[in-house]
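Pasting a structure below so you can have a look.
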């Protein structure tokens, strides 16, 4: 799937550092967010604690745009948390960019959040009836309110976070920074990833391990589902132990969201995708001359397909990396309808050949259809599409932006119909049953509700099927 | 080679369209320049002829930034030429951005140029002695002066271009637009590429064929070395036939500059790189577990190496595509010295493995050294570096920005010394003799002076060896 | 006083319109804020209600910059409130720019506020202990919290504002917009002005009457001190009647802040200043050849001085209007120290003459000193300074940004010492007793605490003298 | 006349400094251009010579915008010339902004020009036939070409300028900077002003003396009509003596363009305007209660009228100084048609009074008409308009931007008709014969062609009446 015009979207990525180890915290967050940029390109920000004084710097734009030229990355600070946010179709909403910094009874605190609550409307109603004000439209401000309320009775910020999590339902990987602490929390299902790293004299938190690598930190461990930890002058302490038994990590982290060089909950994203490709080759074999992957997320699975099938791997596309934020798709409707301006086929790779094209998912179908047309125009004699995930049929309530059921092409066509509609010579999806294999799990420990409609927790106002865990 | 911090730089790319075929010329140039963006990211511009009135729009920045949001791509016009320019280390020089639009005795004309004259200082002196004024520092304004002078006696703009080329020495692929014509010219050695395409009702010119694909134009042919053609209401006419006998296309177009989906002078860039990789595998074989390419330009050669050697191809790196124009490399000197922020190794691909890393060239060596260190940190047991070009030893006078001889690492070390210096377990360069094979030529028809010091034409003020052609 | 580098600063200006009368509300607010720009140049914004949906648009910069080019002034809407904010020395603080828009139990509301609470810290503490969160550092968010709390029990937004004002102490002129109403309130002392106007089909609120003129609205009346009114589909209604008996309008509104074409609480600002000039001429007569005013706020008083003294009025200065927001004062310390770059003396007006220079106030003294030096350099034989206000000696807690007592030059020098220090041949201030005359009042109905130290209401944490009213 | 929406426009202002006297040249030019900003607000620039290396910095926008924030004013340099350019109605044309810096046979030179050639088309044709190229559309590039041509034979830049002036006809005040010299030249009629000042160790040139004051330079003398001077390490030398006998300074410099604190050709602009007002009072007396001037250029004449007539002077208008560059006039056509958003009447000054309103000129009439309507709405019982210049009837070929004859209201109405059309109770213009008095001249030494149609020099392609001088 080409992520630009027709894809799924992750809510965001978070990063934090406590202690400097000789490098300003802002510098480390800058590098860390840069490595997490694939999780959100709309806005980014960081909150800094310098000698206990918390300040906030955020704006619409890429990390390199917001922090690269403004010299913010050289601001002093001994702790910092940061956030990248995804780009909505609708338009820019600066008031939703994170981290949020609030003043409350105990001074200031900052919060960065990845996820989606399922009981936020209920909580908002309660809060509002108590006179609460909201400036953003997201769940993260709701969490901040709860923490502030709990902090009145709680003896510390970490205890307030602990108490707050008792009132939250849904997905959250959370970083909360007080003047002298950073608290990290992950929801009991562990829907979204969160890892801990260490570098000389500093504790680092990140949505993905690739951000640890980017700042030269050694991976220590994942924050466990349900776990709360705190970094403060005394080091790293567990506030509440995790409960990994009911873990339900979003399987799409492996399939599409995360970077292939990340390791999530002990499983390599790259390995997971290669495995998916290999399974696809077994489940949907085909005689062909070359296997190509749709950049960037289809490449690893294509390698797996190639190895399993012994059909040679080829570089099928050139990806134009110069799109930029202000890019407007040229309107050449007649000549080039549906074509992805960012991807160009390499004719020599596909000319006269039977091509296996591996992509990670099909959402609406239009992009896939355009790419197939391009490959055929470049001379491919056949295009066999292999998708390294099952068919997406259900909405997500836990942090992935999936179109409505009507817009999901898998709800409108059978697989053969869809193959015909997009012009593929054949089409195969990964079996739902194979998901466990791609996460190398003994038992189901991931959320696949978007494929199955079976939700780990009750979504708001929906008569959805709830999985028994 | 990672092109961002340590690479060679191409001068620029050009694109033109005559006739619209229902799509505004500006729209077509926008898409064409976007596809040529890899040839220059500093500035871009287009000159439009709308009912014979020529206007110009250019600015510092990427095509998507300059034209994407400004609505310029929807300006009316029946002919247009455009230009992308490379990013210098020094700083922005808006007065050098192209196209140039000049008023002269016959009204207005616009010019877009890729290349480098070797007699520009001489011509400038002559012109200056006649009272000429210059506003830019480049060669392109010199060419415009010559054309304007020749136009006084010449009966048409194409005859003026013809006469002007008699006075120019060096490399030039040129588009000149008068109110009702576009003249395209390529120097007699054909140092830089230039192709002709067609779409319904329009003639298209571009530095590379990938830009024809991007606008839905069919490839017609290359402009031959020394050829001058004109597009006007009467169609496409040859003003002077080419003289391909002494062709000396810059071989680095195949090795690094051009996009793999382009075909230059009938040879596929992708095929050329795959061939170079295969030759490398034969010339510098090694026992290894995986072959990886340095994105993006090393990938094709890595495929070739893998196929020839039967060592499996792997995805060794994740490339961060969110660098942006204002990106400032984080200064984490202690932790991460020399590391390319844009490239992250995929540990699962290299861990515990003997790795063959294929790249296109080594200029200063520092980037390669950083990448090797990253791979070893990610667990690679051995890193064997294979470079799909010979060692660069000489300056270029024909449009490639090569550092001074002292800065070229190949002039300071032997290959074994260099391998040790960069931390490679072994190092191999493509043999100079193999260049002919990678361009699939019977006789030498390319310029390899940067490797050999043997120049097709006398460079200015240098006692260089001149090749006999 | 030249207001740019050494003056007092007003907190802000507010404007609102309910009903359109054929002109979009945003358009009217744009024009109204433009006329109130002298009350604040740091940031501006407007909240719009379009069919009951409230949106907000605000940014750092002048009204012309924020709204002029962005097309915001043509957004649809039937009601809107706006705000201009003053420029702090320290730096930009976008999170403090107004209006604020909050979501709360009853949907959304917007608030724009001019003034300063004296019990905001107390209220904040109370709110925080209840778990409240704050994103800005100002008093306006505090007011919003109180309103939101009161709204839980109150049957309407206007009743909530009514209840809220019972908990607020200090100065506030307030506009609160719910989806279908605008509530306007003025504190019981009426420290800051607020007027009501009408145009065909629309009710208009503004800090000053000059903004009514700017939008073609007829002046209806002042909002009375302590009064609360509401504009809704039923027209304009009084929610709580005013209590003008204890009115204490900031006298500096007449002396300096307001525009001379405004009428505040039935007194013309222009008339008030002319009167002050005339009183000055009587209190501090001098033999002289010409009377000049320091633009813009000293001009009216200079006219008054000239008329009373029969000394001719002259144009003593040219004011450079092209300063712009990014203006940086040139550092020509040796040549031109202390000179106001914006003001240039007109030599022909002052050469060889005994000059009376009328200004509105002296705060730190450095600007006045520079201007006197300029006048003498331009040939003035004598410079007699007359200040149309008493000496400023005390801080303000009600919305004027006055330096610390130590920085106030009147606390460090006697008047003769000050005259010598600034190089004036004589110096006279308006008598404190005359303030009543300049506001044409029978009894004291203004706040002059900055001159007298006698405060209408207890400031926070200060052992200030409280005026008996 | 309110200069913003309906006025005449000056071409530009120029400023230069040779030698630093301890202050960087860029700093001095910054302050000087800031003081000349009234002569042009569209674009500005400066060319710097630092140790003989000439660089150029220019952009669209005000001096404070272009140089204030960019730190350019602190660039090193020992000589510099600068330019401000007026704002055209049509749009921004960055390629026309000055100074121009050219490379030519002798290295680099820079040029800044105020004026308009009448034989530029002829010269351009000649140059173009010789192969010359032009990038801008103005006359200044033409002058540069001529200088470059003459420089081939001339032994020095000043001799080249001398020879060049022999080929130029029209108005020009000129600064030409070579690496080590600044040459200043004024055309033989002296249409546009140019003065010389001195400060410790530096020679300063400026369009108006107010810019000398702004940089702390002492006025030395005017450059005489026809004079050429050069500043170089040897000091200030006369290259060609002036010929003031046929001087024809644009009389509008006194009436409107120049700043009142400037002295041009020994006559104070302020005095000239006061005199014009006094003459008006004698020529068009009226019984009235108050005299007001339209800011800023009508104020001085209003003072003169008041003194001569003994009718009190009043402040009739508040001027909104916050217009900014991006200001868009609000479209409130129904309510406020024709009203100048920048000017608001002060009701107390005019209410119930017979008002004399003094302005400098009437061009199209619409602004005047709007202002009268505003005054009457503010309560003026009568408005008597007095214009401190004669009726404008003819185009200008020497540097003032006057509308076509058809657009000039004086060519369409008699004075009584015009009074009725604009709603004035009476209307009087200064007599053409009085112009000599306002410039305090014994004989005619000014150009009044826009009033009389009698031109000092033949305009291009017009059968205009040529004045015998």
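A, B, C and D are the chain letters, set down in written order, and residue numbers restart from 1 in every chain.
Rule of thumb we're sticking to: contacts are C-beta pairs under 8 Å (C-beta built on N, C-alpha and C of every residue); 3 or more make two chains touch, one makes a residue touch a chain.
As the structure is a prediction and not an experimental result, all values here were calculated from the model.
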Least step count from chain A to chain C, where 1 means the two chains touch: 1
Most distant chain from chain B, judged by the mean position of its C-alpha atoms: C
Distance between chain centroids, defined by C-alpha means - chain B, chain D (Å): 49
Separation of chain B from chain C, taking each centre as the mean of its C-alpha atoms, in whole Å: 61
Mean-CA-position distance for chain B and chain A (Å): 36
Per-residue overlap in chain B, given as positions that touch at least 2 other chains: none
Pairs of chains satisfying the touch condition: A-B, A-C, B-D, C-D
Chain A residues touching chain B - in the complex, by the definition given at the top: 22-23, 27-28, 30-31, 34-35, 37-38, 41, 62-65, 68-69, 73, 199, 210, 213-216, 259-261, 263, 268, 270-271, 274, 296, 299-300, 303, 307, 312-315, 318-328, 330-332, 334-336, 341, 344-349
Chain C - residues contacting chain A, complex: 100-105, 125, 128-135, 137, 141, 144-145, 148-149, 151-152
